[in-house]
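To keep things simple, chains are lettered A, B and C as they appear, and every chain counts its residues starting from 1.
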């Protein structure tokens, strides 16, 4: 009897050991530095980066990781001294697949790897659940790209972002529509995602507060390709401007179908549709479409030209979108560590909040929530089959909160 | 009124695509009593193959020839896949419990989707603008010449299919197998061949539908077949599954319902529901039909069906 | 006599050994593989619970439910709405979790009732439709009145806590560190064991036999005096209950939920888990994830997307299992018996 039991427990032990061994072998690939740590006195500080490296948004996730990698290599080349000691930075890159559940697992993985700070995640839907895990571990997190206002409203001291959020971008777009485009009647469409709806809601609230008239509020999904029904309805209301909160796979065909239906209104959207793919999908009808992007135009960023050249030389690819933000996020961390004289998250975390840094994307400073103060926003227009920068605006005080409170009243009177 | 007319036209255009896809479901269901879960993804494969051909050929040849080659390639690939699916995933399970082929169908559907993701990536692929469509104004409603062409072609294909099933030798064999495969077999019908032929026919219709989707919307994506397949299946159920004219009617009706619902529900309910519930309508139609009239609008009621 | 007591003792020893392994597991894994894997195991346990719940509907009663994730969603939202700052309601989990189960069960009956007369594949499609409808509603119930916060999701959901003892805090007892992932592990493990226990009892009960009878031949079952309507509804309700509890636990564990966690693909994943085994299907993909960085290292770029590869393997496995081992990888004994009998018949 006991022999069988013995065998069984032995098997259990062996399998668990084998499992453990497998796992032990697996994790290291993230840290892929070839040169072994030769000088033992050099302290290694790990910076985590989490973004989708596979899947539909991989190109943007890889862009962020590349930005972080570039920053770390630059810093190491220049030499980092913290509290008089030389420090070597190391990147730990993880793939969150743009999935909320995976994001928390990845966050835990980074915490396990004892990173000092995290750049990420790309999607708001991933940044928000992950922020809890970083906050519990006391590790500062800078998202290069999550624009959902909720992300910094959790009361965590560890969450920051280096991008204007929807509460800044939406109202900026709206003021542009009212002041510059002189739009009186406006139709709003969103794609029922956190990003699209957040942007559209903020836009709508500011338009209403600014005296504009919302003639239709329609919704589609991020998988749909047929917008004829809602566009026809909108055509019946005859707006001056149609605003779409969503991304290019929908925005492109939507613009095309507007042309097919003979809708003359102007078309404006957020950063999700300011891509070359939008122009490809919309074809000739793309001309004149407007879109905003948080940040300065890449070419006119203070360190922009140099950064673009460096990026191109290193990765043989064009910057997609958020690589400069990823780059600056790392620099913000390094500056904070230098000021605090420590790479301990607990010690340098307060310094991150006091950042006053001139980065590739412009001056970076955080407000008390961890949002970028006065992040500039640039409006682009499609001209001759290319996106061209039209003008750059500073959002100023975001009226979103006040405007939002008024929204229900408006809806009731409508 | 113009707006209403435009919504009707929108609905009919969308419906003609649903109808074409629904035919694939209804023919297979009629003959095998089997819901071919992977049919929507076959449409996707057809669309992606056609896209690749158009992108590869570009404007090196006249537009009509490029489109013909693209359609032919899509049909060849889809028919080959359809036959392979029937042979591998469904035929061995013909006598198995009903759940088994359904689960393999789901498996095949996932396989097709993610194989496509591997081959074409997960990005939306856009169609080069090789056609410069003209606008046709039709009593206040606007469509493009491409869309008119799609609609006419869909109608022509459906008419041809009706004729084929009614009058040709193979069509008779299909109807015989549908009524009773065992007796049809005794009467000298090679039922295995008939079933394979039905799959091939359904797959080629799916391929053509895929090409139309690409022409209409100008883009393709590895996941585009899932929702389209569901809607088309709903259309088939609405019209009466197993019935070919039923699938056509169901497709057109569903297209109309969706268009009108998305266009007017917000005003009717005073903003409580909006176009965000558009996909819900199709499912409500499905549940409603199954509960109230399981045989569908044009199907023959059968005690066993639902 | 002696052999009997010996066998008995051996059985007890086995159970004790199993208990020791289960209790030690999170700490062993934490020490060897890292805390991430404890978290992965936690989520795997939740999916085990979901798969067990769906197994009642699909495995026992033979009703193919392709919208099962809806009950998971209902449970999660129920917990989130009653235990977060969304409405400022912070009820204790001892009240909310049973409520999650109850609400999910009610949904199970509501969704089950119209589908009672439907046969296999129709049922599958209608349940699939219901699953999508529920998700679309959760995604859109932010206007005109904000209930679910729409696609933005609900965050800052309360952890499981009782009288100041919160599962989201780290405790050190006798030199052993209990991080939240460890604490949740034990809660989830207890729930899974309870679910297994209930499932086993149900399977051998009168109801369980009635389910099997319906699965095998509904007409014959009703002829034998089984009230097929009630028994089917009960299957839906029981399955939904487990889904609801798992959903509530998921919400408290993650602290954030949004509709994108409850898609059709998730329903199909749970179905695949019933067929293939839940642990295999949550642990394997995690292992597969390492393929990404490895490819990067060896080939210089990611050639085969690991998440795509994972889905391909699911698809292939579903087809192969149905063709080769229709009762699943690890069939229950009754199922095995039935299959062999079938073969003898044929």
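Convention: a contact is a pair of C-beta atoms (placed from the backbone, for glycine too) under 8 Å apart; a residue touches a chain by one contact, two chains touch by 3 or more.
Quantities reported herein were computed from a predicted structural model and do not represent experimental measurements.
A.B. asks: Pick one for the touching-chains graph, please: line, ring, star, complete, other.
C.D. replies: complete
A.B. asks: Which of the two pairs, A-C or A-B, is linked by more C-beta contacts?
C.D. replies: Between the chain pairs A-C and A-B, A-C carries more contacts.
A.B. asks: Which integer distance in Å separates the CA centroid of subunit A from that of subunit C?
C.D. replies: A distance of 32 Å separates the two centres.
A.B. asks: Provide the C-alpha centroid distance between subunit A and subunit B, rounded to the nearest whole angstrom.
C.D. replies: One centre to the other, that is 38 Å.
A.B. asks: List, in ascending order, every residue of subunit A touching at least 2 other chains.
C.D. replies: Within subunit A, residues 55, 58, 192, 219, 411 contact more than one other chain.
A.B. asks: Mark out which residues of subunit B touch at least two other chains, giving numbers and ranges.
C.D. replies: Within subunit B, residues 122, 271, 274, 276, 279 contact more than one other chain.
A.B. asks: In subunit C, what residues contact two or more other chains?
C.D. replies: Residues 139-140, 144, 305, 308.
A.B. asks: Which residues of subunit C touch subunit A in their complex?
C.D. replies: By the definition above, subunit C touches subunit A via 6-7, 9-10, 13-14, 17, 21, 28-29, 32-37, 39-40, 43, 139-140, 142, 144, 150-153, 155-156, 168, 180-181, 254-256, 258, 260-261, 286-287, 289-290, 292-294, 296-297, 302, 305-308.
A.B. asks: Going by the contact rule set out above, which residues of subunit A touch subunit C in the complex?
C.D. replies: Counting only subunit A, the residues touching subunit C are 1-2, 4-5, 8-9, 12, 16, 19-20, 22-24, 26-27, 29-30, 32, 53-55, 58, 93, 95, 97, 100-101, 104-105, 108-109, 111-113, 125, 128-129, 132, 136, 148, 150, 154-155, 192-194, 196-198, 219, 411.
A.B. asks: Residue numbers of subunit B touching subunit C in their complex, please.
C.D. replies: 34-35, 88-89, 92-93, 96-104, 106-115, 117-118, 122, 226, 230, 233-234, 237, 271-272, 274, 276-277, 279-280, 282-284, 286-287, 290-291, 294, 304-306
A.B. asks: Enumerate the contact residues on subunit C facing subunit B in the complex.
C.D. replies: Going by the criterion above, the answer is residues 58, 62, 64, 66, 114-115, 117-122, 124-126, 128-130, 132-133, 136-137, 139-140, 144, 264, 268, 271, 275, 304-305, 308-309, 311-312, 314-319, 322-323, 326.
A.B. asks: If you look only at subunit B, which of its residues touch subunit A in the complex?
C.D. replies: 3, 6-7, 10-11, 13-14, 122-124, 126, 129, 133, 135, 142-144, 147, 213, 217-219, 221, 223-224, 227, 258-264, 266, 271, 274-276, 278-279
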